[in-house]
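Below you'll find the structure, written out as structure tokens, and then a few comments.
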Amino acid sequence: MTSTGRLTASELKAQERAAKAAEKARQKRIAADEKAERKRAAKNGFSNPANPTRSIGLTVVCAIFAIYCLFPFAYLMINATKTQADFTSTFGMGFGKTFALWDNIVTVFTYQDGIFGRWFINTILYVVVGAGGATLLAIMGGYALAKFRFPGRNLCFAIIIGAISVPGIALAVPQFLLFAKLNLTNTPWSMIIPSLVSTFGLYLMWIFSDQAVPDELLEAARVDGAGEFRTFFQISLPLLAPGIVTTALFAIVATWNNYFLPLIMLKDSNWYPLTIGLNQWKDQASTAGGQAIQNLVITGSLITIIPLVISFLCLQKYWQSGLAAGAVKE
Amino acid sequence: MWPFAVVFIFVFIIPICYAIYISFFKKQMIGGTKFVALENYQRLLVDQQFWSSVGRVAIFTIFQVPVMLFLAAAMALALDSMKLHGTKFFRISTFLPYAVPAVVSTLIWGFVYGAKYGLVGSFNSFFGTHIDVLSPDVLLAAIANINTWEFTGYNMLIFYSSLSTIPHSLYEAASIDGASEWQIVKSIKLPELKGSLAITVIFSIIGSFQLFNEPSILQNMVPGNAITTYYTPNMYAYNLSFSGNQSNYAAALAIVMAIITMAIAYIVQLKSMKEQMK
Amino acid sequence: MRNTKKVIAATAAVATLVGLAACGNGSGDSNANKGDADKAELVFWGWDSGNSMKDIIAKFEKANPGITVKFNNTGTAEKTSTALSNAIAAGNGAPDVVMLEDPTVTQFAVTDGLVDLSEFGADKLADDFAAGPWNKLQYNSKPYALPIDSGPEMFFYNKAVFDKAGVDGESIKTWDDYYEAAKKIRATGSYITNLAGTSNDYQPFTAQIWQAGAQPWKVDGEKITINMTKDEGMQRYIKFVQKLIDEDLVDTKTPNWSDDWNRELNDGTIASLTIGAWMPINLMTGAPDQAGNWRVAQLPQWEEGQEVSAEDGGSALAVVKLSKNQAAAYKFVEYMTHGDGAQVMADTGTFPSLKKILASDSFTDPTTEANKKTNDYFGGQNVNEVLSEAAQRPTEKFQYLPYNPFAQSSYGDEVSKAYTGDITLEQALENYGKKLAEQGEQQGYTVTVK
């Protein structure tokens, strides 16, 4: 943290006022320019990035890609409506003889004394604490790496890349031994602590901090006497919003879908996340003497995806490019 | 920085040190654990199963990563151009596959690929063809398709969010100068993508060298056991460690894999990435 | 400054781990861990295919007020044994009682992970259990686990398909009869069965060679002899199966337990299975369209007039050596396998291994709800009567390798090549034998390959 402390409070205020006035004038100018530009572009038939003409051709191409992305979901949805008997006997992309979606949903939540609900709550706990923490740590770490010079920065980079190049599967056993030694296996901590590290998030934040936050802006703020924390929260944070959202989303999905780690760490089904629980149900069909419940697995998978879709929809407004642009003008 | 470092050391560095440590030992059912120095590494050098699995993921990487990243970048540019009808719909539809757990997506694609009861089967009986995407020759491509499906949206999002940090004033300035859409893409957007491209390339390479989930779930669905227990290095390590009681050898394998992966990532991209982060 | 701290912290932690590795094996005096037989909090790992554990445990706790049992559903047999070996390696977090698939018991017995149950008098129970499951759980002639269920190999067939091909399933007594039937069934477009040589087929494979009297491996202390292709029983098996493959009489493309497998059982493409006696419930949920068509019969024999059985699957309960409550844990194991719990298990669809239950009237009583449901699916046949007979047939001596999980996973790698037609079954099995020998040497055994 640095603090210049050379300017008195009143001087600072005066400066601020002057800056605000100048900024207002500038914005007016920009708005006028934009207006004129839009007019001119419309007249000349030039494309205008602020308000482009929509292209049908491009939409069609993207639509083909969207079909590729979405048709497996059709499979999931169709099969969620089938009974177990229909699942094995009817064609995969066609509906079954009975429409059992509601029955399936009810059974998913009541099967084995409603353990699915417990798994659901566990997963949310892991995501909120684990992914939330991971995002926070990644922001702090990435920002620090990008914006502060300290010796060994390149070394950090090499170490992290090296560490994630080690196949995770080989690390599972040592990780398990370490956690067992600390009596953390079979507790939520064994899930949450490893989730706190999102190396990818760290890099993302590193790059974003580098690109989206101009050093000049930080210099200016520092000269103005703003502390590092204030600079970070008032200037950098808004600029980083799209990156933060991306990092958060990745951390959420990664934690939500984490499979291998809980498989090793947790043996108490009361602490299972959804992935392990669903897989246990799937395995039941291939266990000697076990009952096949693929209808529940499919319906459960569908239910598992829904919260991720909702969180995506909630977060997506942060990607609108206007946000970053607006911040720069400040 | 330090909170990240603490957790990182706890979760990664210590286990890695331990893995290196045990890679110099050998645990046997008869005779217990003994120090064997580099024996595990020597054995690895001449282990054909290991090298065949490395070759397989290398081929996989060469083809899958460029295709996936090209699709992701193209889609990000298309979304960012604001020339699409229903941008929001396309944004979520591209991303959605990433939200599906690997277990479920492999299950779904397993059905699609099924030559008897799956979609490919229906296609065959309808057109009288004999396509079998799970035959050993094209199996790797079939797995690559699953991975592309899963991770295009993921990479798209990285590109897209990096594009959305470009200040609009830049575009305005460009269009005042009379730059065409293509020129904007070429001289503003593509350079902006460079930074995120470097990181996506490295992470994609690492990801595909650690290929595990998709082949191991497909294993039971593929006829003729075309997916062996040493199909990818990670699967080999897993089987050595968990069904072969050779976790020391598996640790040595993991270390060697890490070195190979790092070397390749370095050759391909590290330099440009370092420049990016100077 | 900050870096120095990091280094110190890392070094300290590594040192802890190293220390942990060094002392991980000290299992100590087992007598100290017997604990109070009437008072304990037990942790029990296993799977629960019949959804019956909760009720049984409640009953046990009622009968033994001082003991509580916490059941953790660990999913599959494979996941359970992986988790157990991890916990044993960590020396911490292991359960008191564990459910294991029979073939993996030896592995944990060899590595000193389980308690020799003869300490608690389990060796005296030998005659109460069917011979097949009991024999598999002995190591150095001591029981290391008690069987909770068993799986005598049976011949399940789809009568509708057999009728169409003009084959009477009841009249198939030998593998030669089976071969003739296979030809007729193939002519109708179906297959008599599927054989793909994947690791999922390993257990039926061991059952079949076991029945053929084969001894592909012999374990004698620290010595292992592998005789995969020259053994007489193996020769018999190889010739027979090779004929089925060559003449396209078996479906070599569908592995057991795959989605396709269920569908082919359901639409009649696969007309019969030789598999464990626990199969009825899997058939009922996996092939619902064939309700009323399936039947069960005794396994075909290698020689006419023989009555040899073999085991496919089956699981057992063992007491973990790390447990501090071994006496109470054994009490629970005894209750589940030999005591009142065994009856409840049997009532909820587990195939019993206790002679008393196998021979009891209630087991074969066609009027009980569970039996009625099964018998309806099997066209009114009294299923348990057939199964019970098989369970009481004699079995040959058969021994699993101490590194059975490896034997199972590498079976798929090597033997499947014979089913794709790349090499002959004899060659594939020879390669497989070499793999097993290599693994044995890696594990410190002295291996001879014949």
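Brief remarks on what is shown
Letters A, B and C mark the chains as written, and numbering starts fresh at 1 in each.
Everything that follows uses one rule, which is that contacts are C-beta pairs under 8 Å (C-beta built on N, C-alpha and C of every residue); 3 or more make two chains touch, one makes a residue touch a chain.
From a predicted model like this one, the values you see are computed outputs, not experimental measurements.
Top contact pair of chains, counted by C-beta pairs, is A-B. Put simply, the chain nearest the middle, going by average C-alpha positions, is B. For the pair chain A and chain C, the distance between mean C-alpha positions equals 43 Å. The distance from the centre of chain A to the centre of chain B, each centre being the mean of the chain's C-alpha atoms, comes to 18 Å. Annotation: 36 Å between the Cα-based centres of chain B and chain C. Those residues of chain C in touch with two or more other chains are numbered 13, 17, 21, 200, 257, 263. Each of residues 5, 10, 13-14, 18, 22, 111, 114, 117, 220 in chain B touches at least two other chains. Counting partners per residue, chain A has 173-174, 177-178, 279, 286 as the residues that reach two or more other chains.
Across the complex, chain B meets chain A through its residues 1, 3-5, 7-8, 10-16, 18-19, 22, 71, 75, 78, 80-86, 88-105, 107-109, 111-112, 114, 117-119, 122, 149, 152-154, 157-158, 160-169, 171-172, 174-176, 178, 180-181, 184, 192, 195-196, 199, 202-203, 206, 209-210, 212-213, 220, 233-234, 237-238, 241, 247, 250-251, 253-255, 257-259, 261-262, 265, 270, 274, 276-277. By the touch criterion stated above, chain A contacts chain C in their complex at residues 84-85, 88-89, 112-113, 152, 173-174, 176-178, 180-181, 183, 185-186, 263-264, 267-269, 276, 279-280, 283-293.
Every residue of chain B that touches chain C in the complex is listed here, in rising order: 2, 5-6, 9-10, 13-14, 17-18, 21-22, 28-33, 110-111, 114, 116-117, 220-221, 223-225, 228-230, 239, 242-246, 249.
In the complex of the two chains, the chain A residues touching chain B come out as 30, 33-34, 37, 41, 46-50, 52-56, 58-59, 61-63, 65-66, 68-70, 72-73, 75-76, 91-93, 137-138, 140-141, 144-146, 154, 157, 159-171, 173-175, 177-178, 193-194, 196-197, 199-200, 202-204, 206-208, 210-212, 239, 242-243, 245-246, 249-250, 253, 256-257, 259, 275, 278-279, 282, 286, 301, 304-305, 308-309, 312-313, 316, 319-325, 328-329. Of all residues in chain C, those touching chain A in their complex are 3, 13, 16-17, 20-21, 45, 47, 49-51, 54, 72-77, 79, 83, 86-87, 89-93, 95, 149, 151, 200, 257, 262-263, 266-267, 276, 278-279, 281-282, 285-289, 313, 349-351.
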